[in-house]
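Submitted below is the structure of interest, expressed as C-alpha cells.
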Amino acid sequence: MESTIVKAVDYNAYFGDNHVVKNVNISIPKNHVIAVMGPSGCGKTTFLRGINRMHELIPNATASGKILLNNEDVMQMHPIFVRLKIGMVFQRPNPFPNLSIYDNVIAGYKLNGIKLPKTEKDKIVEESLTKVALWKEVKDSLMKKGTFLSGGQQQRLCIARAVAMQPEVLLFDEPTSALDPISTSTVEELFHELKKNYTLIIVTHNMQQAARVSDRTAFFYMGELVEYDDTKKMFTNPKDNRTQNYITGRFS
Amino acid sequence: MTQIETELQLLKKEVINMWDLVRSQLLKAKSSMLNFDKDLAREVVLKERRVNGAELKIDRDCENIFALLTPVAVDLRFVLAVLKINSNLERIGDIAEGIAKYMLDVDAPFKKELLEQTFVTKMFDESINILEDTLHAFESEDTILARSVFKKDEFLDDINIRANELIEEYLNKNPADLNQALYILSVIRKLERVGDQSKNISEEIIFYLEAKVLKHKHSH
Amino acid sequence: MGANVKYRIGKSRAFQGLVIVLAFSCIIPLFAILFFIIKAGITKINWHFLISIPKPVGETGGGIANALLGTCIIIVVAAIIAIPVGIMCGIYLSENKKSKLAYWSRLCVDILQGVPSIVMGIVAYFWLVKPLGGFSALSGSVALAIMMLPIVIRSTEETLKLLPDSLKEAAFALGMPFHRVILKVIVPCGISGILSGVILSVARVAGETAPLLFTAFGNPYLSANVLKPMHSLPLLIFNYATSPYNDWHDLAWGASLILLVFVLLLNISTKLITKRWKVQL
C-alpha cells in the first residue's frame, strides 16, 4: 500500500466571514501527481495555499482543522519550516528579477543566508536545472538575468528554484495558465519526471491537463471536496453528478 | 517522447500481442484438425478466455486514452482503428475456438482425401497468412501490404463459394463420411469469416494511416 | 463642404501649433537661468575660489570653501537621518495598504510635504537650537531631514507598490522570513526607485535657505563641527547677494553656479539610475 504524505483533516479556510474551503478531508499518496480542479472560486487555490501556509499571508485569512505532512500537523509547525518542505510554483513565472539564473536556482539558500561552498552550489544548480530539463538550454548563460528567458523557461526556472530546496511536496498553482501550448506541454512532461522524487499537487483550470498529467484528481465545488478518485475513474465514470456535469462542460 | 506517444506505443504493443495470440489460436486449431489432437483443441478453447481478457483490456485502455489524453488527427484515427481491430481480432479468436470445439466433437481423424479435395488445409494456411499480413501491415504501417489482403481474400471467397459443390462431389464418392464432410463444410464457412474480419482490419489500417474510408466501397 | 472641412482642419492645426509653442515656452525659463548664472558665475570660478575661505570686508578675493564643506556635511547628516526612517516608513506603507496607521501616516506625510520650509526652520530653532543653547549644523540637518522625509517615503512606497505581489509570494514560498523577504528581495528589486527618490530629496533640500537661517546660521570660518554653526552655499548666496559689496556679489554668482550644477547633476543621475538599474519585471 502506498504511503500517505499529506493529509487534510476537517480543513476549513476563511477570508473574513467568507467560508471558502469547507471541511476538506483528503489523503495524498507519496510520489503521485494529484490534480485539483473545479470552477473559479471553488476554493481549490485557497486549499492549495493552505497546505504550505501561504493562505495566512493574506490579511483576514484564517483556517482551522489539520494539515498533516508525514503525520505532523503543519499548523503547529513554524511556517518557514513548512515552506522549506513544501515548495510552491505560481501561476505566472516569477523569477527574482534582480538575480541571475544561477542565483535564482539557489535563491532559497542565498536569500535565506545559508552559506554553501561553491562546488556544492554548482552541484545544486546543475542538478536542479537538469531535473527541470533546462540545463542544456541555459548552461552557457547562467549569469544572465532570469527574466531574459522565455515564459516557459522562466516557469521551469521557478520549478528548479523550488526543487533546489529538496522539498518533499511541490504545489503548483495553475502552473501553465500563463504559458503558450508548447511550453505547457514541456512543463506537463516534467511532471512525469518530477513525481519520481516528489509528490505533486497541481491546481488547474484545465480539465484536459488534469486528465493528462495526474494520477488522482480532486474536484472542488463551492468550497467542498466533491469527489476524489483515480483520474481514470474520474474521467470515465465519475460518481457524483456535479463532477460529471463539470467535466462534460454541462455546468450551469 | 510525449505522454500520448508513450501510451499509444503501449497500446500498439498490446494489440500486436493479441494478434499473436489469435494467430497461435488459429495455428493450434489447424494443427488439432490435421492431427486429431483433442488436447490441443481443448487448449484453444481454454485460451479463448485470454483473448477475451485482452479485448477487454484494450477496450479499457482506448477508453482511458480518449478520456485522459484527447487524441487528435492521426492519434485519434489510430485509437479508433485499434478499437475496431480489437473487436475483429476477438471474433477471429471466437472462430478459432469454434473450430476447436468441432474438433472436440469429431470422433475420428479426418480422411486425407477429404482435406485435400475440399482445399480446407490450403484455406487454413491462407487465412492464417492473411492474418499475418494484416499484422505486418499494422506493425510496419504498410498500406500496400494492407491492400494486398483484399486480393488474397478472394481466394478464400472462391473456395467458400465452391464448397457445397466440392463437398457434394466428395460425398458422392464416399457417402459414409457424411458426418466428417459436414464438419469440414462448417470449418470452411468459419474460415471464410476469418478472411472477412482480416479485410475489415485492413480497412481500419488504411483508415488510420491514410485517413481514407474504404468500407462498403470496393467490390470483389 | 470643402470650405467647412478646410476650416476645421485649419483649427485643428492651429491648436496643435499652439500646444507645441506653449510646451516649448516652458523650457525658456530654465535656459534663461542657466544662461545668466553661467555668464555671471563662470569667470569667478577657479581653484582658489573653491579652496579658500571668504576674506574679511575690504579685501578682494576669497572663496567659498567653508560653505561647500558645510553644505556637504549638513546634507550628508540630513540624509543619514532621513533615509533609514523614510525607507522603513515607505516599506510599512506599501506592506500595509489598508491599516489605520498607514492611512494616518500617509496623510501626515502629505501634510508634512506641504509645510513651508521657513516653518521647519522655526520648529528646529525652538526644538533644537534653544534647548542645545546655540546654533548648530546638526539642527540644520534635522530641519532638512524632516523636509526630505516625505519625498523618500512616497517614492519608496510608490516603487514598492509597483512590484508584483508574486515576487513576495515567491520569496515566502521559499521559506524566507519577513525581514529577509523585504531586505533581500523587495528592496533590491525596487532599489532604482528608492535611490532616485533619495537623490531627488537631496536635490530638493540642497538649495534650502530658510530652515538654515535659524539653525546652521552661518560661519565665516572653515568648520567641521556639527554642533557648532556652519556655513552653507544657500546661506552664503543669501548673505553675499544682499550685501553692498561688488566683490561679494561676484562670490554669490559663483556660488550660485556651483549650487546649480550640483542640483542639475543630482537630477541627471536620478534619470540615469532609473534607466540603468531598473529591474526588468
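Order of writing sets the labels: A, B and C. Residues in every chain begin at 1.
What we mean here is this: a residue touches a chain if its C-beta (ideal position, glycine included) is under 8 Å from a C-beta of that chain, and two chains touch if they have at least 3 such contacts.
All figures in this text were calculated on a predicted structure; none of them were measured in a lab.
Drop chain A from the picture and the touching chains left over make up B | C. Closest to the protein's overall CA centre, chain by chain, comes A.
Computed centre separation for the pair chain A/chain B is 50 angstrom, with centres defined by C-alpha atoms. Computed centre separation for the pair chain B/chain C is 92 angstrom, with centres defined by C-alpha atoms. By the touch criterion given at the top, residues 2-3, 63-64, 67-70 of chain B touch chain A in their complex. The part of chain A that touches chain C in the complex is made up of residues 52, 54, 57, 59, 79-84, 87-88, 90-92, 94-98, 107-108, 111-113, 145, 147-148, 158, 161-162, 165. The touching residues of chain A, counted against chain B in their complex, run 185, 188-189, 192, 208, 211-213, 231-232, 235-236.
Only residues 98, 164, 166-167, 169-177, 180, 184-185, 188-189, 191, 279-281 of chain C touch chain A when the two sit together in their complex.
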